[in-house]
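In C-alpha cells below, several structures.
After this come two complexes, each holding subunit A, first together with subunit B and then together with subunit C.
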Partner chain A sequence: MRRYIVRRLASLAVVLWGVSILAFALGSLAPGDPARLLMERTLGHQATDEEVAGMRQELGLDRPAVEQYVSWAGGAVRGDLGTSWSNRNDQVSDLLLERLPRTVMLAVTAMLTAVIVAVPLGVAAARRRNSVTDHASRVAALLGASVPGFFVAYLLMFVFGVRLRLLPIFGFDSPQHLVLPSITLALGSAAILTRLTRSSLLEVLGEDYIRVGRAMGLRSRAVLFRHGLRNAVIPILTVIGLSFGHLLAGAVIVEWIFNWPGLGKLALDGIHARDYPLIQGFVLFTGTVFVLMNLAIDLAYVWADPRVRFQGQGA
Partner chain B sequence: MKVKRPFGLSLVTLLVAAACGGGAGETGGQSARAGAQPLPMDRQILTVGTLADRFLTELPGRPDLGKYPLNTSSFDTLARMNEDLQVEPRLAERWERDEATNTYRYFLRKGVKFHDGSELGAEDVKYTFDLISKANPTNYQTLGPDSVKVVDQYTVDITPQKKNNRLVEQLVHPIWGINRRGSDPLNPIGTGPYRTVEWVKNDRYVVERFDGYWDPTRAAKAQRINFKFIADGQTKILALRSGDLDLIMDVPLSQADELKTTPGLASVNSKTGAFNTLSVNLAGQAPYDIGKDPLIREAVANAVDRKAVLQKVWGGNAEESTTWVPPAVLGQYASMVKGVKHDPARAAQLLDQAGWTAGGDGIRTKDGRRLTLVHMISGPGDSDPRDSVAAAELIQDQLKKVGVETKIEVPEAAVASARGRNGEYDLMQGIGNQNEANPCFLPDLLHYSKGGPNQRWRAPGGKTDEAIERCRSAPGIEETRLAAAEAVHELVDVEHVVIPLIGLYRIWAMKESVAGFVPHPSLTNQRWEGMYLASGK
Partner chain C sequence: MRQTTSQAQPTVTVDASTAGRPLLEVRDLRTEYRSPSGIVRAVDGVSFTINPGEVLAVVGESGCGKTATALSILGLIPRHAGQVVGGQVLFEGEDLLSVRAERLRQIRGDRIAMIFQEPTLDPVRRIGDQISEVLRAHRALSHHDAWNQAVEFLGLVGIPRAAERARDYPHQFSGGMRQRALIAMAVALRPDLLIADEPTTALDVTIQAQILELLLEVRRSLGMAILLITHDLGIVAGFAERVMVMYGGRKVEEAPVRSLYRQPKHPYTWGLLGCTTRLDGNRRDRLPQITGAPPSLISPPTGCRFAPRCPHAQELCRASYPALLEVGDRHRAACHFAEGEEWGSS
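Showing the complex of A and B:
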C-alpha cells in the first residue's frame, strides 16, 4: 500500500509539472498583447509603443519565456502565484482562496442534488427493468447529459424567476440564490449517475451471491439494499469523486450566467481582462485540485475494495 | 457565406420572445413617468443592472472609480455635457481663457461640500488633475505636472502643455470629476448627489443619497442605488423581467422590441450619441492592401445600401446618419456631410475602372487575385455583436451583387484590437461614442495621421489633417464645429474612408414603477440623481 502511494505521488508530481507548463503556455500562446491591453486599459486610450515597452518591462514580459516560466513555477511551488494584473493590489492565491469556498458550496450542493436524484432513480430503473420508470429515467438521463448547461440555466431562470417568480436568478445574497445554479450544475452529473447506478446495480444483481441470498429466502428489499446496492456503490463513489472535480472546474459557465462570484467567474473576468497570472493560477489550482481528487479516490478505492489491494500486491 | 450563430442562444431568444405578451410599455420617451408620485424615501432603493465591471483600478493612483466607465453620480465635473451634448457649468460657475498664455481660469462655486463634509476648493481640483496627469502623462488634453495652479481658494488656472483650444469641452468627461484632496481614489470621496458606500469588484457598486448636496435642483431622489455588474446580457434581461432588477442599461437592439411590449416594463431611448460605422484599412500590407485604392473605397461606399441595413437590422431602434459625429455636436455644419448614395451601377463601374473584372462565380478578379475583403467586427468585450453581424451579412450580400466577396470575422475584443493595430483586415465595423463635447473628439482620436500609429483610418492627401488642425486651433466653438464637419466630410464624401451605417440610440429598459430617468446619449455621462420609484402601477 505504501509503495503504491509513493508511486502515485511521484506520478502526481509529473502530472502537475505538465499542468503547470500547460497553464503557463496558455498565457504565452493566446493572441493579443497583454502589455498593450493592460496599458491601454490603464490609460483609457491607445498606447504608444514606448508605453507598451515600459509596461512589458514592468510585468517581466520582456524576459525569455523559459526564464518567465521558471520564475513563475518557482513561486507557485512556494504558494506564490504572483500578483493579479487586473487587481493590482491582490495576490492571485488570495483571490483564488477567497472565491474557492463559494465554488465549493455550489459544487457540493450540486453533487448532493445529483446524488439525491440520481441514486433512487437508478435503483428504481434497475429494480423495474424495461418498465415505464426505466424508460423514463433513460430519457431523463439522455436529456440531462445532452442539453447544454447554459440552455438549462436560461430555461430555469425563465420558469422559476420570470414566470413563477419563486427564485432569484442571479447573485449570492441568500440560500435561495444557490438553488438554480446548483440544479443547473447538477444535471449533467445526475444523468451519468442515474445510468451508472442502474447498470452497476443490474450487474451486481446478476451475481451468484445475490442468487444464493434469494434462494436462502432473504427478502428482496434486503437483497437489493444490503447486498446489491452496497456492492454496486463502489464504482458510483468513484464517479461521484471524479464528477466533483469536474464540478469544481466546470462551474465557469454556470457562475458566469448566474453572476455567482466563485472561481469560475473570477477566471472568466481574468480572461476578459487578459489577466494572465490569474488565468494561469486558476488553471494550475483547479488542475491540482482535480489531480488530488483523483488520487484520493484511488486511495479510497484501494482501501474499500480488498481485491484491488491484493492485485496491487500481486503485481 | 454566413457567420454561424450559437444555436442555443437563438433558442433562448425564441423562448423569451415567445413568452412575451402583447402588453404595452412606455417607449421612445426622454423621461419615464416624469410626474409620477414618489414612494417614501426609505423605500427608494433601486437596483440597476450594468455591464461588466470595467473600472480602471490597475493603477491605484488613477481616480477612475465611481466615474468611468460607469458614472455613479458620486462626482461632479467642473462642467458637464448635458443630454443635448452641450456644455453647462457645474462645480465651476464660469471660466475664461487667456489665449496668449493658453491658460484657462476656472471660478469655483462656493459652499460645495464633499461627502466627508469638507468644502470644495481649488486644491481639490489640482489634486485630482495631478493624479490623472501623473497616471497618464500622455493624456490627450496635454495636462502635465505643472498644468494646474491654485490662484486662491476658489480660483484655479489650468495651462495645457500644448496649445489646446477645446479644454473646456474635453474636461466634461466624467473622468475629470473632482476628488477630495488627499483621499484614496479606491475609497472615493466626491461632491456628487450620491456618495459611495461600497465597491465589490465584479459584483456591485453601491451609492447612497448625499443629503448635503449643493444643488437642490439635482439632489438625489432615491435613498440608495445598487449597481450590479452583470456581464451576461441574457441574464440581465431575465433579471429585469423577474423583478430582481429595476432598470438595465444598454439593451441589445435584438431584444429592444420584445422588452417594449412586455407588460410591466417600459423603455426609453436616448438621442443619438453612438454610431455604427464601416472603416476601410488604408495602412495594411498585402493581402490587406486593397483599401488603398480610392476607386475600391468609393465602390464599396456606393454598393452599401445603408437604408436597407437600418430597416432590416435595426428597425426603429436607430436612425439614418451620414456622419458619425452627432449632428448636435456639429451644429449647423452637420449638413455639410452628405453621405454616399446607394448606387450599385456606379460601384460596378468604379470596379471596372479599377481593373477588377467579374470571374466565373461573379466575384471580380485582377491579375489572378480575387476581390475578397476581410470584414472584421470589433467592439467592447461585453457588447452583443449580433446586430453588427446581421448588418455585416446584409452588406455581404450587397457587395456580392457588384462582385466583391467579404469574409466576416468576429474576433474576441483583445484579438480584434491587436489585428486592428497590425492592419489585418480590410473593413472594420465598430461603434464610436461621443463621450465629450469637443466636436473634434472622434476625428482627432481616430483620423489624425500625425497622431501616432493608431490613426489607421486617416484620409490621404492631407486635407483631413488640415481640417483637424484647424479644428484644434479654432478659437471659438462655431469655427471648431465647421472644421470638424469639414474633416468628417473629407473622410466620408471625398476619400470614402468611413462609411457611417447608422446612428444608435441608447436603449434603457425598466420597471414601470421607475420614474424620472433621463437617458443620456453618452453612456459614460449618464446621471442617476433624477431617478426614483413611483407608486401606482
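Showing the complex of A and C:
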C-alpha cells in the first residue's frame, strides 16, 4: 500500500511538471508582444522601441525561454507566481488565494448537489430497470448532459430570480447567492453520475456474489446497499474525481454569468487584460488542484477497494 | 437465540410432524426465461422429491435446466430474465412459490442453502464478516458471537489458522479455499437442505475431490440433505443415493444410484454413462457417445426430445412424448421402449 501511494505521488510530480510547462508556454507563446502591450497600457499612448526594450528587460522577456521558465518555475515552487500585470501591485499568488475559497465553495456545493441527486436517482433506476423511474431518469440525464450551461443559467435566473423573485441572481453576499450558480454547475456532473451509478450498480447486481447474498437469506436492503452500492462506489469515485475537473472548468463560465468573484472570473479578467502572469498562475494553480483531487481519489480507492490496499503483498 | 456450536454434532432430527414426509417435493415445476429469440422453457414440468438427509444428484448436459431448477426452488430466478410459471415447491409442506417474500428470505440460508459453480464472495468485505452477516440475518447474535461462529465454521471446512484467515478478503483466498468458505457460510446455520450447483466445476482437478469429500464430511456431521447438480455422472457414484437425469428441461430418468449404473433404462443415460468412467469395466456393449446437440428449449421438438439424437428412435417417438413410467424399484424412465428388451449391441 505504501508502494502504491509512493507510485501515485511520483506520477503526480511528473504530471505537475508537464502542467507547468504548458502553463508557461501558454503565456510566452501567445501572439502579440506583451512588453509593448504593457508599456502602452501604462503610458496610455504608442510606445517607442526603446521604451518597449526597457520594459522587456524589466520583465525579463529578453532572456532565453528556458531561462525564463526556470526562474518562473523556481518561483512557483516557492509560492511566488510573479506580479500581476493588470494590477501591478498585486502578487498573482495573493490574487489566486483570495479567490480560491469562493470557487471551492461553489465547486464543492455543486459536487455535493450532484452526488445527493444523482446517486439515489441512479439507484432507483437500477432497482427498477425499464420502469417509469428508469426512463424518466434517463431523459433527465440526457437533458442535463446536453443542454448548455449558459442556457440553464439564464433559465434559472429568469424563473427563480426574475419571475418568482425567490433567489438573488448576481454576486456572493449570502448563502442564497450560492443556489443558482451551484445548480447550474452541478447539472452536467449530476447527469453523468446518474447514468454511471445506474450502470455500475446494475453490473454489480449481476455479479455472482450478489446471488450468493440472496441465496443465503440476506435482506434485500442489505444486498442492495451493503454489497451492491458498496461495490459500485469504486467506479463512481473515479467519475467524481474526473467531474471535479470539469466542474472547475465549468466554474469559469458560471462565475462569469452570475458575477461570482471566484478564480474563474479572475482568469477571464486576466485573459481580457492579457495579464500573462495571472493566466499562467491560474493554469498552474488549477492544474495543481486537479492533480491533488486525483490524489485524493486514489487514496479513496485504497479505502474502497481492498484489492488495491493489498497490492504487491503476497496473499 | 444464543447458540453454542462448540463442535458440530450430528443433528439428524426427524420430528413427529415431518416423519415419513419428504423434505422437499417439487411438483410439475415450469420455469421460463425470456430471450431475444423467444421464450426458453428451461424447466418444463419437472417433479421430484428429496427426503430428509438424502443426497440426490441431478445430472444432464449443459443447458438442460439444472441450474434453473435449483434457482426456481429458492425463488432466485432474476425477475428481469424470467420466472417460474407453474408448479409447486413444497418444503415441509409449505409451497415456496407462494409464500411471502420475507418468509422465503427466512428459509434461504437457514433451512435451504445453496452454493454455486463460481466460488465468489463480495470482494470488498472480509470473509469472516460475510459469514457473520449471514448468521446475523437469521439469528439475534452479537457481532462478536457471530464472528466467533464464523471462525469456527471456517475451521470446520478445513481453513487452516481460521481465526486469522477470517480477516482476509476474498482475493487472498484461492478458488478452492473460497469454495470452502462458501460451504462454511452455507452450513453455518445447519440447513436441512444444501443445494450444490456444480460446486467443483470451476476448480482445479486436484481440488475437486477434496471439495466433494468435504461436502460428504459436512453432511456426516450436520446431517443435511444435499441436492448435487453436476454434468459428470462419474462423480455421482460415490456421492449420491439417488440420481435424476434431466434432458431438455425435463426429467428423463430417476433411480437409486446402483440401479442407474447397472441398468440404465433411457438411451440418453446410456449415452451419458458411455462418456464417463465405467463402474464395470467388462461391459462389452459400450454405446457410442451421444452425438448431436441438445434440443432447443425455445421450440422443443414434439414427441421425445431425445429423438433427434437417439439411435433407437421410431415413428412413435417423434409423435408422442413418452410418459415417465416405473421400470424397476424406485426406478422411472421416460422412454417408449424403456420397458422392452435392453438396448444392446447397436
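Operating definition for what follows: the second predicted complex is superposed on the first by the 302 of 315 C-alpha atoms of A that agree within 3 Å, B and C clash if a C-alpha of one lies under 4 Å from a C-alpha of the other, contacts with A are read in each partner's own complex, and residues count from 1 in each chain.
As a convention for this text, a residue touches a chain if its C-beta (ideal position, glycine included) is under 8 Å from a C-beta of that chain, and two chains touch if they have at least 3 such contacts.
Worth saying up front: this structure is predicted, and the values here are computed from it rather than measured.
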* Asked: Following superposition onto subunit A, is the placement of subunit B relative to subunit C best described as a clash or a fit?
  -> fit
* Which holds for A:165: it touches subunit B only (first), subunit C only (second), both, or neither? -> first
* Contact breadth on subunit A, by residue count: subunit C or subunit B -> B
* Asked: With subunit A's C-alpha centre as vertex, what's the angle to subunit B and subunit C, nearest 10 degrees?
  -> 150
* Which of subunit B and subunit C A:135 touches, first, second, both or neither -> neither
* To do: Based on the superposed arrangement, let me know which partner A:216 touches: subunit B (first), subunit C (second), both, or neither?
  => second
* Pick out the closest CA atoms of subunit B and subunit C after fitting on chain A and give their distance in Å. => 42
* Show which residues of subunit A lie in contact with subunit B when the two form their complex. => 31-33, 36-38, 40-46, 48-49, 51, 85-89, 148, 150-151, 154-155, 157-158, 161-163, 165, 168-172, 256-259, 261, 265-266, 268-269, 272, 274
* Within their complex, state which residues of subunit B touch subunit A. => 8, 11-12, 15-16, 19, 52-53, 56-60, 62, 64, 68, 135-136, 138-140, 175, 201-203, 228-232, 234-235, 238-239, 241-244, 381-382, 411-415, 417-418, 421, 445, 452-454
* **Complex contact set, residues of subunit A against subunit C** => 129-130, 207-209, 211-220, 222, 226-227, 230-231, 234, 304-307, 310, 315
* Footprint of subunit A on subunit C - complex, ascending -> 74, 76, 80, 101, 105-110, 113-114, 116, 118, 120-125, 133-134, 137-138, 168-169, 171-173, 182, 185-186
